[in-house]
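Just so it is clear, A, B, C and D label the chains in written order, and each chain counts residues from 1 on its own.
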Amino acid sequence: MSQNTTAVDRPDAPDRDTLLAMFEIQSRIKLCDERFRSLLTSGQIQLIYYSPRGQECISAGWGVHLRKDDYVVTIYRGLHDHLAKGVPLRELWAEFLGRATGTCKGKGGPMHITHPESGLMVTTGIVGSGIPIANGFGIAAQLDGTDQVTVVNFGDGATNIGAFHEGMNMAAVWKLPVVFVCQNNLYGEHTPMAMSTGVEFISERAAAYGMPGVTVNGNDPVATWKVMGEAIARARAGEGPTLVEARTYRFYGHLMGDAMEYMDKEERRLAMEADPVVMYREWLLANGHATEDQLGEMEEVITAAIDDAVEFAVNSPFPDESELYTDVFADDTKAATR
Amino acid sequence: MSQNTTAVDRPDAPDRDTLLAMFEIQSRIKLCDERFRSLLTSGQIQLIYYSPRGQECISAGWGVHLRKDDYVVTIYRGLHDHLAKGVPLRELWAEFLGRATGTCKGKGGPMHITHPESGLMVTTGIVGSGIPIANGFGIAAQLDGTDQVTVVNFGDGATNIGAFHEGMNMAAVWKLPVVFVCQNNLYGEHTPMAMSTGVEFISERAAAYGMPGVTVNGNDPVATWKVMGEAIARARAGEGPTLVEARTYRFYGHLMGDAMEYMDKEERRLAMEADPVVMYREWLLANGHATEDQLGEMEEVITAAIDDAVEFAVNSPFPDESELYTDVFADDTKAATR
Amino acid sequence: MSTTTDTPITEAPVEHPVLPMASAINQALDIAMGLDPKVFLLGEDIAEPSGGVYKVTKGLSTKYGTARVRKTAISEAAIIGAAVGSAIAGYRPVAEIMMMDFLAVCLDQVTNHAGKIRYMSGGQTPVPLVIRTSAGAGRGFGAQHSELLEAWMIHTPGIKVVMPSTPADAKGLLLTAIFDDDPVLFIEQMMMYWDVKRFGGPVPPGDVRIPFGVADIKRAGSDVTLISYGRQVHDCLAAAEQLAQEGIEAEVVDLRTLVPCDEKTVFASVAKTKRAVVVHEAVTRCGFGAELSSRIHEELFGELAAPVQRVGGANTPVPYASNLEADFIPQVHDIVAAVKRTNK
Amino acid sequence: MSTTTDTPITEAPVEHPVLPMASAINQALDIAMGLDPKVFLLGEDIAEPSGGVYKVTKGLSTKYGTARVRKTAISEAAIIGAAVGSAIAGYRPVAEIMMMDFLAVCLDQVTNHAGKIRYMSGGQTPVPLVIRTSAGAGRGFGAQHSELLEAWMIHTPGIKVVMPSTPADAKGLLLTAIFDDDPVLFIEQMMMYWDVKRFGGPVPPGDVRIPFGVADIKRAGSDVTLISYGRQVHDCLAAAEQLAQEGIEAEVVDLRTLVPCDEKTVFASVAKTKRAVVVHEAVTRCGFGAELSSRIHEELFGELAAPVQRVGGANTPVPYASNLEADFIPQVHDIVAAVKRTNK
């Protein structure tokens, strides 16, 4: 949604409930991220933090299409995906802070958020490795004969690693119900995509597997919603996988503390000026899809929930020392001692 | 070169010397392979043998274009490539038989033939792994400022493994002087390509890296010669890598002793009927590029050389027991004992 | 002979059919697939008509269909990744990695994912998969198709490691592996697959499982303990016969599962014999023999008549030449010599 | 303190500038590239403007150009493969694998190729490459970014393994690694990169190399030998100070290179002290401590006052929660406790 279009309504837009649902997810992500960054900056909390700020519309775009029993796999930069799939704020914050009350009892941390109840199945810290794993969920749905869909998220840089290639090929050959979402924020750590990648558009790579591939402006919520909807519908109908490249931008570099000296200042300024969440909000108002009060109240509710989650997390205990040795194996296999 | 064209001359054919040079390489491969199989069948020698029979024209196609100082990387099914790059018969046979006089002192074996003198740099037994290694030779040539070209050979099945993807992308991004030759014999071990691969033509995969890709009938020596020449010239001129898919067929399955129950009998019969070496020979004669005497003499010379090589290999000693512990490290690092 | 914890195989009545190890493994897969629809197989070339490059999965795709016996591309990372995901989703995938050396192309899925996901999720997402892989030197395959890498996996938390020495053990342990809720690496030494004469054995019919963490004393003895697993157990038994002629009675402890490892049985035997020799085919340096040797010294310090001897592969890649390859692999005479060293 | 085989670092005059380890590594790379045009670097994000995610390669791409400081895609197998090929072609590539856990995505190129090619070619094609990788827990990175996997590599024939504990050792050993004709895995513990206060040290200027296979006695003592490498050497020194207060004088042997390993120095020290404690951060089970413990018992059986003690990481993935992570990592008090066990 580029600046000058916020005033114009969109014939291709979904119904109001969906529009607002997307805004709710986007705001949840944006406000959570802002809270994390402020607490980190003020030194009240300490952790390695990969901000998803700027990529909100992508997760919201598939989030509103998925059912609770659909599967999502994501990466270290996963806060937006976790929230879009409905991982509860309290457990999420507690896990980020390594507390016993976290989604993973504090043992996984931000890079490994897991919450099967919400369908957030795997968060990996290894670039590309979530892709072959996502196929496993697709195989399970296929064998079970259900119409569950798996959405696996990864970055532009991840499309240069072997796991991407092997996973895409397997999904295509077996027509797995998996949607491959490449959140292309133009950088892999400190390296611009053009310096590392042989194609201009990641979606071009789908043809190497006989898989449909599409590029969408990931900062345009409506367009993203549409493309995600089509890909998810295909998967649900048993018509096979799709590669969706959603173009976006990383507002805060690779991780908290990144000096970003390798990023073009002007490029970044423009991207942040065109903040997709802010512009979507303007668009919703400008076209009467929502009132200031509605959105304001939504934001207040989210802010209150975040206050509560932070409070909960900060006051939660660290895991008991015995937890070091548990969960290595299902049984008490005495392999997990020193 | 399909049956009915053997009578027709080819305007696109190279000069006579080149035509005969290709026939010499093809015959060397064909006769060597026949000797290996007969000695194996009669039980006079024992080894795990991957016959290249049927794929001769591909190696001959790049072989006549390469200089001694160009680099070749290949795989376990590499006899044809070894011979096309000029690895001497005696040392080659001795290595296949694990003798001290072999290219690698008997320590590598058929799957790891190495003969830097001939530019045969690496033979690997791990599917796909030669591809990233080939890039290293390309980088060396690039940094040295020479116009050396690296030709890396691999099968259709290898294009489904991660190393292929990573290696192709790196070569494209750095415009490396490497020619990627996929010898597509339609099967990976016991699996037909269609059951494992998302595309119909391997060459379609080049686009995923912004690399030119071309498919050629690998059983047509003239067409293959032409395509290889263009790709090698591009690389030599610093214009970057090319993916060449040369379509062919494995006459004797995956390895010696393969029951081939997974192969279509009729498909195989037709392929062997259209034996590319036999047909090329007919074509050379039919179009006056050579006389029966010329070709017959060539074959006799090769046969004699093979007799000599077998004799040499069979009568060579096994490596000295001390060789078990040498060549692990450059120095006498006492790490290589029990 | 049997440990106090009795196990089926050691009681196997002689009338059980004598099978090659490959058939016993095939039986286990067949029984598991018959018992539980959540069990499925994936790997390269495992379906009919060939039924796998070693024919270990023969007939299964015909019996259970290609949806449950899934022939894959040459994409090991995708194979293990798919196994990880489907295992988390409630399946019991049995993935085949054709040869153990190829673990190196997919190790990330094995160690960083299969091995860590239960832990990282705080126990929410178990990963009940099995990775079957064939391994071992002695077939003239050269340096890249002959390695035994169990030590890598034993050092890696979260993965159980099994390496059977007999068809009955292979069947019983594979059934246990498939229904175990943790990732299990199941190592099959290729040389034992079809060689009934040397490695065949009676296999009890039906769903007979062998528990993990229970070593099997394949031969009783009082003078020295030979600790081994997999094919080398047979070499230990051969060495024991030779030693018996010289009046040395060796006890042969077959660990069968390395993670978990039945240290109790090992310590009990060595406490009795005062002498221990650890034997495996894998490279000696930093092999599992080092771990076992350290544990024995830690537990039985002062009670041993000699230091624990390690007999393993040379610290070199596996050479091709038949004579060098034979030298690489620990042989019966190496075991005998090691025992002699404990008797000096 | 120094071994009989004197090494530059141990003679380093105090006036040498005190640097963080990252700067010492950067110096070694700079010197090597200046000395030999065949030396080049490749890896993710290593070029300017950022100069690497840990800034270890800062400035080098500006000084030597991006043809010799090559920033790559996220393609570890392609990175190591390119290093292998160029090394065979006569270059001395220094590849960076950002974190050691990522070795798992490219291990095939490391073990099946870099490690075996010299051997498989009968010595015709050496592979003189260096793989630099950062490693170690303690930074709240969780299970997939904290592992130490030196044991995998020590078990793998054909690869030399180096793990320095001080900036001067890091510089001298990296220079030796780059000009060594074999593949070298060079392990850098992230926690030491920039922490000058705890891990900084004097670094002699210029091309000062430290030979492989020469351990350095970082502290002399007569009562117990602490054998370690990398960051844990500092913990051993701290433990030694504590023990000194109780009248126990510990000798601290810093192995510095694990393959080759200076067993001579280890055995000499333990023969003197009769007590040994091996300390590393890696998971204990099947870690290098097991190999060292076995070797010491094999060599000094009967001369020891107590079994060799191993102090290592827990046999678990690395947990995220700060308190659990601290428990995972062996601490000074664990070393002290282990020493006490040798004095019972």
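Here is the rule we use: a residue touches a chain if its C-beta (ideal position, glycine included) is under 8 Å from a C-beta of that chain, and two chains touch if they have at least 3 such contacts.
Everything numeric in this text was worked out from a predicted model, so none of it was measured.
*Asks:* Check B-C against B-D and say which one is joined by more contacting C-beta pairs.
*Replies:* When the contacts at B-C and B-D are counted, B-D has more.
*Asks:* State the chain with the largest centre-to-centre distance from chain C, centres being mean CA positions.
*Replies:* With centres defined by C-alpha atoms, farthest from chain C sits A.
*Asks:* Averaging over Cα atoms per chain, report the distance between chain C and chain D in Å.
*Replies:* Centre-to-centre distance between chain C and chain D: 32 Å.
*Asks:* Centroid from C-alpha atoms only, then distance chain B to chain C, rounded to Å. What do you get?
*Replies:* Using C-alpha averages as centres, the distance is 37 Å.
*Asks:* Using CA atom averages as chain centres, what separation in Å is found between chain B and chain D?
*Replies:* Those two chain centres are 41 Å apart.
*Asks:* Report the inter-centroid distance (CA atoms only) between chain A and chain B in whole Å.
*Replies:* 46
*Asks:* Quick check on chain A: which residues sit in contact with 2+ other chains?
*Replies:* In chain A, the residues touching two or more other chains are 104, 106-109, 112, 124, 126, 129, 160-163, 166, 169, 173, 195-197, 328, 335-336.
*Asks:* Where in chain D do residues touch at least two different other chains?
*Replies:* Within chain D, residues 72-73, 75-77, 101-102, 104-105, 108, 112, 119-120, 142-144, 157-158, 285, 315-317, 319-320 contact more than one other chain.
*Asks:* What residues on chain C touch chain A, complex-wise?
*Replies:* Those in contact with chain A are residues 40, 67-68, 70, 72-73, 75-91, 93, 108-109, 112-113, 117-126, 128, 157-158, 160, 180-182, 212-213, 259-261.
*Asks:* Which chain A residues qualify as touching chain C in the complex?
*Replies:* Touch list, chain A to chain C: 71, 73, 102-109, 112, 114-116, 121-122, 124, 126, 129, 131-143, 150, 162-163, 166-167, 169-170, 173-174, 326-331, 333-336.
*Asks:* Can you check the complex and tell me which residues of chain C touch chain D?
*Replies:* Spelled out, the residues of chain C in touch with chain D are 77, 101-102, 104-105, 107-108, 110-112, 115-116, 119-120, 142-144, 149, 151-152, 154-158, 282-283, 285-291, 293-294, 297-298, 301, 304, 306-310, 315-317, 319-320.
*Asks:* Considering the complex alone, what residue numbers of chain C touch chain B?
*Replies:* Listed in rising order, the residues of chain C that touch chain B are 44-45, 49-50, 53, 71-77, 101-102, 104-105, 139-145, 284-285, 312-317, 319-324, 327-328.
*Asks:* Given the complex with chain D, which residues does chain A contribute to the contact?
*Replies:* 46-48, 98-100, 104, 106-112, 124-129, 157-158, 160-163, 188-191, 195-197, 254, 259, 261-262, 318-319, 321, 323-325, 328, 335-338
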